[in-house]
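After the C-alpha cells below, expect a handful of questions from me.
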Amino acid sequence: MRLSAVLFLVSTLVGGSVTIKTLVFPSATSTSYVEMVPLKPLNLQAFTLCMRVATELSGEREVILFAYRTQDFDELNVWRELDGRLSFYMSGDGVFFNVPQLGALQTHLCVTWNTASGAATLFLDGRKSLTKIYRKNQWVRPGGKVIIGQDPDNYVGDFDANQSLVGEIGDISMWDSVLSQSDIQDLFSGKRVARGNVFDWETAQLKIHGEVEVVDVEL
Amino acid sequence: MRLSAVLFLVSTLVGGSVTIKTLVFPSATSTSYVEMVPLKPLNLQAFTLCMRVATELSGEREVILFAYRTQDFDELNVWRELDGRLSFYMSGDGVFFNVPQLGALQTHLCVTWNTASGAATLFLDGRKSLTKIYRKNQWVRPGGKVIIGQDPDNYVGDFDANQSLVGEIGDISMWDSVLSQSDIQDLFSGKRVARGNVFDWETAQLKIHGEVEVVDVEL
Amino acid sequence: MRLSAVLFLVSTLVGGSVTIKTLVFPSATSTSYVEMVPLKPLNLQAFTLCMRVATELSGEREVILFAYRTQDFDELNVWRELDGRLSFYMSGDGVFFNVPQLGALQTHLCVTWNTASGAATLFLDGRKSLTKIYRKNQWVRPGGKVIIGQDPDNYVGDFDANQSLVGEIGDISMWDSVLSQSDIQDLFSGKRVARGNVFDWETAQLKIHGEVEVVDVEL
C-alpha cells in the first residue's frame, strides 16, 4: 500500500456544466482504497451521506460503500449486504433496507439519520425509503478515518478482498444535518446547490492507494 | 390500547420547504393504530384519497392502508392484497388494480372514485391507472371512524396482526371530489397547493394508540 | 443485395414536435442492412454514439447494433451479447456491461469512450453505467464503412443471420467527443440540441439494402 497521489478535486465550470472526478476500482483487491479527509471532525448528532455508485457485483457478495472507523469501533459503515439489501451500521448491529439492488447503472444513494428521533432513511435516485428507528440518542464519534473501497477491521488495515468495492463511486458528500427530500432530489438531478459541510466532493482531499483510476466526468 | 397522544400536525415553512409528520409502524401488532378525525362527515358522492406509503411487507400478506368503518359496514377500505394488487372496497366486493407492488421506497398513492360514472382509478407516483367502473350510484355514508394501521372487523376493534400495516405512512389527505391528473402530479411532486377538505394531513388531528413513532420529515 | 434507396432524412418541425425516420428490420436475414455515410472520417480519439433501439430478440442470441469495419479490422462494433449484456469492441477483445436487457420497449442507448483516460461508459435511457477502463491510447481509425443490421466479417460482406438485428433502430447519431451526462439526458428526453458531427440522424444519408422498412415517427 503506497500513497500514489494526493488529489484536490477542483470542479470546473465549462459552459454551465460541471466536471467532477469519479473513482473506478477495476478489480477486487485487499489493497486498493481511497482515504477521504473530512472538512471537520465526524462528531455527529445527525447526518446525510450521499454518493453515486455503480457495481456489477451481485449475488452473495458483500460490498463496502463507506467506512468510517475510529481506533476501536466501526462508527459508520454503509454496506451492500450478501442478499443485496442496503444497510448502515453505527458501532454494533445495523439497520437494513430491502430496496432495489445496485447494478451497473449508476445509483444516487443517500442515507440520513438523526439522534433525536432515530429516524433512519435511504434515498435511491431521489426516492425516499420507509423510515426505520435506529440508535436514538447515540452519536457518531470523532477521531477516525474514512475509507472508500475497503472495510477496515483494524484502524486502516486488515482488509478483505471479498468485501471490497469493484465498480465506480463518486460524488461522495456528507452533511452534519438531515437534508430535505427536495434538496436530495436536487442533488440526484445534478443541481449542485447544497455543498457538504463534512465532505464536499468537489473540493475533497483524496489519498489514493493502489489500483484506483480517477476519471473526469461532466455532469 | 391506550390513547398515547393527541397530535395536531401543524406544518412549518422553513426556507421554502415544508415539514410534515409521518407515521412509522415498526412491527406487526393487533393493537397499534391511529385514528384520524375528519374535517367533515364522510358523506361522499366522489372522493380522492392520497397517501405516501412504504412497506417491506411482501409475498402473501394483506396490508390495510386505510379503513373507514361505520357501526355495521366497511364503508371504504384500501388494501394491498395477498397477491400484491392494490384495491379498494365500498361495503362489499372490491375493485382490484394489478399495478407495480408497494415496496420499501415510498410510493405516492391516490385512489379516485365518483358515483355518477362509477369511474375508479389509482395513481402511483403520479402515473394514472386504467379506469374501472365500480359502484355506480352508491355513496360513502357518514357516521364512522377512520383508522390507519389496522382493519377493524368491528367498530374500532377486532384487529388482526396479519393484516396490520408495518412500515411508514403519511401525507394522508382526502377530498370530496375527483382531482385532476395534473393536481395529483403536483401532489406527488410535493407542491402543496390543493389541500384536502375531508382530511388535510398538515392540520389533521391524530389519535395515536400503541407503538407508533411520529417522525418529522421535510419535503 | 441491391441498393433500394438513398434517403436523406430531413426532419420536419410540426407544432413544436419533430418527425424523424426509424428503421424496421422485420425478420432475421443475412442480406438486409443499411449503410450510413458519415459527415467526416471516423478518425476518433473520443466518441459518443447514441441510438434508439427496440428488439424482441432475447435469450441466447447475439444482436449487432452498430458495425464500423475497415478492410481488415472491426474498428468499432456495438453488440447485444448472447447473455444479454451490452458491449463494444475496438479491434480485439470487447468491454462488457451487465445492464438491464434490451426489449420491446424502446431503449435510448449511448456509448462513450475517450483515448486519454480509456473511460468507457454506457447510458440507458439517460442513466449512466459504471465506468470501465478500456483501450487507453488507442484510436478509432478512418477508411471503413458503417453498417446497421448486420455484422460484416469481411469488408461489407460475410453476414450471419443469427447475428442480424430484428426490430427497430433509429436516431443514430455520433460525436467525436464525450458528451456530458446532461446533454445525453436531453437527447434521451427528445430535446434535439446537440447534433452529431460524425453522424446526425436528421440529415444522415442512408443506403438501404434488402428488406428494411423506413417509418416516420413523431418525437
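We call the chains A, B and C, going by the order they appear; numbering starts again at 1 in every chain.
Assume contacts are C-beta pairs under 8 Å (C-beta built on N, C-alpha and C of every residue); 3 or more make two chains touch, one makes a residue touch a chain.
Note that the structure is predicted; figures quoted are calculated from it, not measured.
Q: Specify the contact topology among the chains shown, as one of line, ring, star, complete or other.
A: line
Q: Can you work out the rotation angle that lays subunit A over subunit C using Cα coordinates, in steps of 5 degrees?
A: The superposition gives an angle of 95 degrees.
Q: Could you work out how far the Cα centre of subunit A sits from that of subunit C, in whole Å?
A: Once rounded, the distance between the two centres reads 35 Å.
Q: Determine the centre-to-centre distance between subunit B and subunit C, using the mean Cα coordinates as centres, and give it in whole Å.
A: 47
Q: What are the residue numbers in subunit B that touch two or more other chains?
A: In subunit B, nothing touches at least two other chains.
Q: Taking the touch rule as given, give the residues of subunit B at its contact with subunit A in the complex, in rising order.
A: Subunit B residues touching subunit A: 17, 22, 24, 26, 54-56, 103-106, 167-168, 190, 213, 215-219.
Q: List the residues on subunit A that touch subunit B in their complex, please.
A: 97-100, 117, 119, 122, 124, 127-133, 178-183
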